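Structure below; questions to follow.
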Amino acid sequence: MPILEHLWIIPLLPLLGATVNGLFGRTWPNKIVNGVAIGTTGLSFFAALEAVREFFLLSPEQIPWVRQYFSWIAAGNFRAGFDLQVDQLTVVMLLVVTGVGWLIHIYSTGYMADEGGYYRFFAYLNLFMFFMLILVLAANYVLLFVGWEGVGLASYLLIGFYFLRKSAADAGKKAFIVNRIGDFGFMLGMFLLFRTFGTLDFVKLFDKATPLSAEAMGHLGTLTVACLLLFMGAAGKSAQIPLYVWLPDAMEGPTPVSALIHAATMVTAGVYVVARSHVLFMRAPTAMLVVAVVGCATALFAATIGLVQTDIKKVLAYSTVSQLGYMFLACGVGAFSAGIFHLMTHAFFKALLFLAAGSVIHAMGGEQDLLHMGGLSKKIKWTFRTMFVGTLAIAGIPPLAGFFSKDSILLSAYQSENGGPNVGHILYAAGLFTALLTSFYMFRLIFLTFFGKERYDEHHVHVHESSKSMLVPLAILAVLSIVGGWLAAPAFWGKPDYFAKFLAPVFAAPNGSETGAAEAVAHALETPLAIVAVITALAGLLAAYWLYVKQPSKPDQLAKSFGGVYQTMLHKYYVDEFYNAVVVRPLLWLSTNVFWKTVDVSIIDGAVNGIAEGITVVGDGTRRTQSGNTRSYAVWVVVGAIVIVAVIFWPHVRPVLGVGR
Amino acid sequence: MFPRTDDLLRALPELIWCGFAMLAMLLQPFVRSRHFFTVLALLGALGGTGAAFVAGATPGEGFYGLIQSDVFSFFFRLLIGLVAVLVVLAADSYLEREKLPFAEFYALLLFATAGMGVLASARELLTAFIGLELSSISSYILAGFRRDSTKSSEASLKYFLLGSFATAFFLYGIALVYGATGTTNLGRMDDADPNSNLLKLGLSLILIGLGFKVAAAPFQIWTPDVYEGAPTPVTALFSAGPKAAAFALLLRIFASVPAATHFWFWAFWVLAALTMFAGNLGALLQTNVKRLLAYSSIAHAGYILVAFAAVTFMANDLNGGATPAYAAVLFYLLSYALVKIGAFTIVSEIGGWGEKNLTLDDYAGLAQRQPVAAAALSLYLLSLLGLPVTAGFFGKFYIFKAAVNSHLIWLAVLMAVNSIIGAYYYLRVIVVMYMREASAEAMAAAPVRFPVAVNVVLAVTAIGTVYFGLFPNQVLNFILQPNLIAR
Amino acid sequence: MIPTNYYIVLSAILFGLGVLAFIFKRNIISIFMSIELMLNAVNLAFVAFSQAMHKLDGQVFVLFVIVVAAAEAAVGLAIIILTARNRQSLNVERVDLLKL
Amino acid sequence: MGSLFQGGHLLSILIFFPAVGSLALLLLRGDDHVFIRRIALIVSVAEFLFSLLLLRGASLASGDYRLVEYGQWITAPPIHYHLGVDGISLFLVILTTFLTPISVIASWSSINHRIKEFFVMLLMLEVGVIGVFLSLDLFLFFLFWEVMLIPMAMLIGIWGHERRIYAAVKFVLYTMAGSILMLVGIIWLYNATGTFDLPTIQQMIQTGTLVIEPRAEMLLFLAFFVAFAVKVPLFPLHTWLPDAHVEAPTAGSVMLAGVLLKMGTYGMIRFCLPLFPEAARRAAPWVAVLAIIGIIYGALVALVQPNLKKLVAYSSVSHLGFVVLGIFAFRSISMQGAVYQMLAHGISTGALFLLVGMLYDRRHTFEISEYGGLATPMPKLAAFFLIAALASMGLPMLNGFVGEFLVLLGTYQSHGTWASWAALGVILSACYLLWSYQRVFFGEVTREKNKTLADASAREKFILVTMSIVMLWMGIGSTYFTRRTAAASQAVIDQVEPQRPYEARVPAAGGIRADVHAADSTNDLRDAKQIPAAVDVNR
Amino acid sequence: MTAPLIIFFVLATLAVGGALSLIFQKHPIHSALSLIVVMVALAGLYLLLGAEFVAAVQIIVYGGAIMVLFVFVIMLLNAGIEEHTNFSKLAGFPGLLLAFALTGFIAATIARSTDTVQAAAQPGNMASTRDLSTMIFKDFVYPFELTSFLILVAVLGAIVLAQRETKP
């Protein structure tokens, strides 16, 4: 089995591309750079496909399929190897990452065609692919952490791609640092796990964890702490409260980047990690609850902000945050497969939306403000159609992908009893409301962009449809966002949900929310909840239609009447300002004025120089005894005589120091 | 009643030194050539030094127990002889430059050397006193040798007044010791009662007199002035010779006379502490290099006194516990003499006619103007500072060791503190030489070209410093013998 | 008969007066004289001790001391003359060029 | 010749070859600059090649000293010329010999007055440092320790910048103040044992033939520790470092950060722990606290430095804090992490100083505000700087990560809170490095002067490529190093905490039961010994 | 109160008085004269102690030679009344105090010391000049020879220092 034996090929191809482009691409024409970039990613995509094919030929006991290549860190009883692993979960991620990644590469060739630093862009993008693949293929936490940090780096580079713009550079820095805060937790989580289990390899670790009984609710046992720490990392990477602040700013990067990294793949890494560590989370109900609540809260919170944003990418960014919230909600209520399912569908339609948005921006010549768009539907048909599909998908209109994934999440949320009977229902309600908001702001986006009258200056902006290289990926993604969800369709007529079934070996659930007995209940609830969901989605659609097509004046009036709320939402609840005022500024002030200027310069150095000063003063005093006057000298001799005589004749004047026994 | 040959042999070095001194005086009216007298003095110094071997070859008491020829006196005679030789070489060009009467100078130098030799070998206090006077009086004259320089004459006067003042104390001490023990012969005092007040008083007064000679605080007070005023080669002599000789006598008294050991280390403890601080603190703000070195030599006297405290402390333990301490003193004196003579020689050469360039500013950028001189001087300074691959490092190390051996931990710590303070001003000189830029006219001026004799001095001292810094073995094993001081 | 320590005490007093004189005279020559005074005190002590112990060497020492004193006097006065020549003053307190 | 290197006198050659080289330089005429530079380069490169021969002699299996040279030097007191290399000193020596040629090249054109002296000093410095790492005789160690002082001071004082003299003197006095007490300690130890020979004394302590009473042991420990802490430098003894670094020429900073600081931590590993285990154990909490303060404090101060070089200097304070923490956690993992961090820091911080130096060569200022937008005129330099920065902030797959990770991991095994606090440094390092990087390289070019700055020259590229390759290698192939340092570090741990078995040899047995109990409360899980370790270090 | 004792006290007072006047006289000449008084008194005490030879030498060398030299120099330099400067703070009251303390201490220690000193000194005619000479020329020949060098040095010094500028 060539590829499965040589899994390393899959991540290494993009790395190769990155290196080649990075080192030599500078002088090359775009064509060659494209060739390298797309070629390598494409190859790794096909390699992935081949790997999957081979994977299906494996017998169950061969799964998870682990290959150890070389040992990377080894000290004492600790070993972290460059070990790659494939199981069902990996397969999903692998396909999503390589597939979507490849499409976006293709798209970028069109989008970035006339940007400077073309080679740089693709080098970074390939580098990202490499690390992302490492992340999903890693067979132990440390290697996973490599990918984890690596994608952070790539995103830093890509967000700061337009480094001449201060805002871009700032955003990149912010992204990296906020992620680092998450990683802080992630590392501690790893340390704790290692202390507890003596290994960080998934297989061994989970084998040791499986027999453990779940910890009591509300009790901070080892596993709970470990899970919470891991989740801290996940929250950082996947932009959950309170660490979501970096993602909206990350929109400073080129749109394909936003699509690939900040929508489809990297930001979902957190969800992946939680799902990957489900064995631990299952046994830490407290952590699960936290995850669910945080996820749900983030979903709702981000959605509210999304309502009023006018930057097309910002809207999508907040919707991403909100969707990620959904995924965590799913994981939190134990519906890991649902979470992953949503991860996949979201990857499709959110990538689609972003790319379409990119196409719009491209068409508008860089304009991103919704308020300066409108009536584009006729001008850029294909973009409009694809984007509309994407919107339907995310809004959860059947039978598009979003509907199924979102539906299964809401269902599991409704059923969940973790942390009390009603918790599940509350979560469900919040989720549902979020769904409403989602469809509302998404359609608001659509209407503002494509309907109504043009709100831009015809003479300056020459709207034009994008090139093939951009439209083809859009089309493909549109198709995926339509059919992507049908894997879960069977659930409706009582058949087992293919996707869940496929992932079942991974998420072998101990207290089954997705097995046997529960199946029936689930099926019973399935349809009614689905109907409710659809209704909410449509309600959102209609509200948006009424506000932004029927009476375009209304929104402003609303904004006026709810001035306070509106402003707050518009300014993202002033969270950035809050962090600035509470964390950043005090820290800088403290460092400058207390640590550096006071402790270092004044106290420590002051003390050192002070001693020197003191000695010098004493030295000057000593010097002054050399008055040059012989009479005084004679007196000194007498003094000396008296000193000696005293020491010799009166023992008690002898210094007590001398005998340091 | 002509003395026996052995006696003469045991006093041979001193006799030769005096002999050559008289020879110089006699020939002075007839020979005008400077080189002749330089060579003569050189022969004399070397001859005496060579005679030290003869004396060393015939150990034992001489002149009815007045002097003692043993390893100890052998070592010191060699040291003093070496000093004399080096000073002769260093003085040659100086005398030429300053137009000073060389015959007299060399004669006095040799007489002084003889006096020191007597001090080193004397075993009887009065003989020691005569030796002391012989060296001191010559020193007084030498200090004032630049007659027309007010500084020189002032130095001479101060040295003379205070010197004889201290000598009076010393003498009175002898008298009291004589009264207490009925003898002035150190060899016959073994049964003296250590608690007799008269003896204690006498020894204290002797300690004052010698403390003055070795510049122990608070008797160090004269040192900076005299060192600064005296002609630089003479300063070199002062800092190395008489100090060593006086230490030799101190060691003989306070190590070989049982009554003078026991609690006496307290006196040395105090003196050591005071001296170290007086020297280092005083040097801290000096801008006159010559004076700075004077203060530093005070500080080093302090370090040696630390070892003395150890000696007197250990002297009464029979299984030779004190030998390392003796070794420390002797080795330190050796390394110190080399370094000081080297340093002062450079100072005298850089000082130029009338000793004009003595301030730190005159040393600015010396490294570019005269790399060799700068390197040599920094080597000496580093040795004084006690950094490795210099003799000074081992010297300091052994003193530390002696102190810690005798559980004088705190004294060791004080010494540590002091060597840090010391490091500051030694570094300052190096910094000035290497890291400051020379003034324009200094750069313009042609570099001082060192005469051969001086280069020889520098070579000997520098090589010696490094050699003993790497292989102190021979010297140590030589001075580490338990019967160092014959009893 | 006279106890020896009468002599010694007397010598001590003379010695002390010598010290005092050294400190309190300004004229260099007088200071030098006070040193001579101290030496005399020493001599007295020597002689007294030698008598007390019926040993002659004490007296020998006195002779040596006297010789040394003579030598010192010669040199000292020469130095004094030199200084007086260079400074036009015999006040020791005015001889303070070298200081600090 | 070959046989000479086989065993024989390789170590002596390593120590004295540069000395010979510098003497040769001294004899050259001062005005033929190119020739002098060439000679210096040849000597240092040859030295580097020699040092690579150590790898053959080094032992993987045991932690004892190899290539030992033992000879009488001074009979009274018995001082021996005793050299030896083990896993810990091995790579430190190689690091030194590696950084020296780099420094030589780095100062190729930036040093243009008194060139001869400069290279002489550089080589003498190398002599001292290598001597320190190789000597197994307390006295010999101290000797080299002091020898190193003057060349460094000269490097700072002669070829440094504005306040160079102050910095040089401060450096020397700080270090001497520390070391002079160590000398007293050494002598005290000699009086107790009658020898200066490190292995002998170690054995005496291990076998219990030498028992130092607690108070004396603590005093001795402090006498040694303070000397090393000054060098490291450990908070609050660090204030000489920023001055020294800022004023030193590039080569000086590289050697200072790359090697000299390691002498302190090396001393702790080599002397403080094995010689005074009890005291070390008692002091460990305090030291750890200082180390952690150093980590956070150093990072915070670095964060707000307006001076680029000072920033890097303070980052060293922070990074060395990790090392000290790793040492005093007394865990095999953290110890190896500490050793690794020493090497990694040597490379990455060395690279940073080289880059800062290159910027200085172009603009003659360290003020960050003077730069900005440099990525436009000099993309290559920017790229290398980014790599170095990432390495130093501990990005996986680069050298910085492994050390930091192991230190924290190991420390966490026994002291969770220490590790947690220390881990904050990981966040902060990202903050100050990225922020400064942005201010220097990103944005529009603000200063007119900066618009026309030349990008990395061939020579600079060579240096930087070399450094980057090493960083990558150390980041990926860390086991190549850890495999060689493992035994030695474990040996040290065994001496401090004899009761702890060799963690790597804990048999793999069913530890599940332990976990089941353990799962209830973290407290039972304090010690990893309960948990079987399935994997052992691959050797 | 025997005769010798009275003589002793007379001479002692004479000596002390001379010393005091040496201190309090303003003019060096007067100081010199009072020093001579002290010396003569001491010579008397030597006689009282039966050391005739020493006494003789004392008068001849000291009173005769040395003091004459002093007076000669004073005349040569025609030193006047010494000016009463007080530049040295230390040599003022503290100096006085310390000097007195030292003197007092020494005297007291000796007075209370219980060694050989207590033995009463009787006028010994045992100190014959012949024994003295044998002692000088036999036991102490070495220092004696050295003193000759010493005097040589003195002469040399006097020449070197005091001679007028004649050199080219």
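Order of writing sets the labels: A, B, C, D and E. Residues in every chain begin at 1.
Following the convention adopted for this analysis, a contact is a pair of C-beta atoms (placed from the backbone, for glycine too) under 8 Å apart; a residue touches a chain by one contact, two chains touch by 3 or more.
Computed from a predicted model, the values in this text were never measured in an experiment.
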item: Graph distance between chain A and chain D, where chains that touch are linked; value: 1
item: Farthest chain (mean CA position) relative to chain B; value: A
item: Furthest chain, CA centroid comparison against chain E; value: A
item: Chain nearest the overall Cα centroid; value: D
item: Averaged-CA centre spacing for the pair chain E and chain B, given as whole angstrom; value: 31
item: For chain A paired with chain E, centre-to-centre distance based on mean C-alpha positions, whole Å; value: 102
item: Chain C-chain E separation of Cα centroids, rounded to whole Å; value: 6
item: Between chain A and chain C, centroid-to-centroid distance (C-alpha), Å; value: 97
item: Residue numbers of chain E (touch at least two other chains); value: 87-88, 91, 95, 99, 102, 106, 109-110, 113, 116-117, 139-140, 143, 147, 150, 153-154, 157, 161
item: For chain C, residues contacting two or more additional chains; value: 8, 15, 18-19, 22-24, 26, 31-32, 48-49, 52-53, 57, 60, 64, 68, 71-72, 75, 79-80, 82, 92-93, 95-99
item: For chain B, residues contacting two or more additional chains; value: 126, 130, 133, 137, 140-141, 144, 147-148, 156-158, 161, 165, 176, 179, 182, 197, 201, 224-225, 409, 424
item: Each pair of chains that touches, named by its two labels; value: A-B, A-C, A-D, A-E, B-C, B-D, B-E, C-E
item: Touching residues (chain side chain C, partner chain E) in the complex; value: 1-10, 12-21, 23-27, 29-30, 32-34, 36-37, 40, 43-44, 47-54, 56-57, 59-60, 62-64, 66-75, 77-82, 84, 90-91, 93-94, 96
item: Residue numbers on chain C that touch chain A, as the complex places them; value: 19, 22-24, 26, 31, 92-93, 95-100
item: Of chain D, residues touching chain B in the complex; value: 73-77, 114, 117, 139, 142-144, 146-147, 149-150, 153-154, 157-158, 164-165, 168-169, 172-173, 176-177, 180-181, 183-184, 187-188, 190-191
item: List of chain B residues in touch with chain A within their complex; value: 157-158, 161-162, 165-166, 169, 197, 200-201, 203-205, 207-208, 211-212, 216-219, 221-222, 224-225, 263-267, 269-271, 273-274, 277-278, 280-286, 407-411, 421, 424
item: Of all residues in chain B, those that touch chain D in their complex; value: 324, 327, 367-368, 382, 387-389, 393, 397, 400-401, 404-405, 409, 412-413, 416, 419-420, 423-424, 427-428, 431, 434-436, 471-473, 476-477, 480
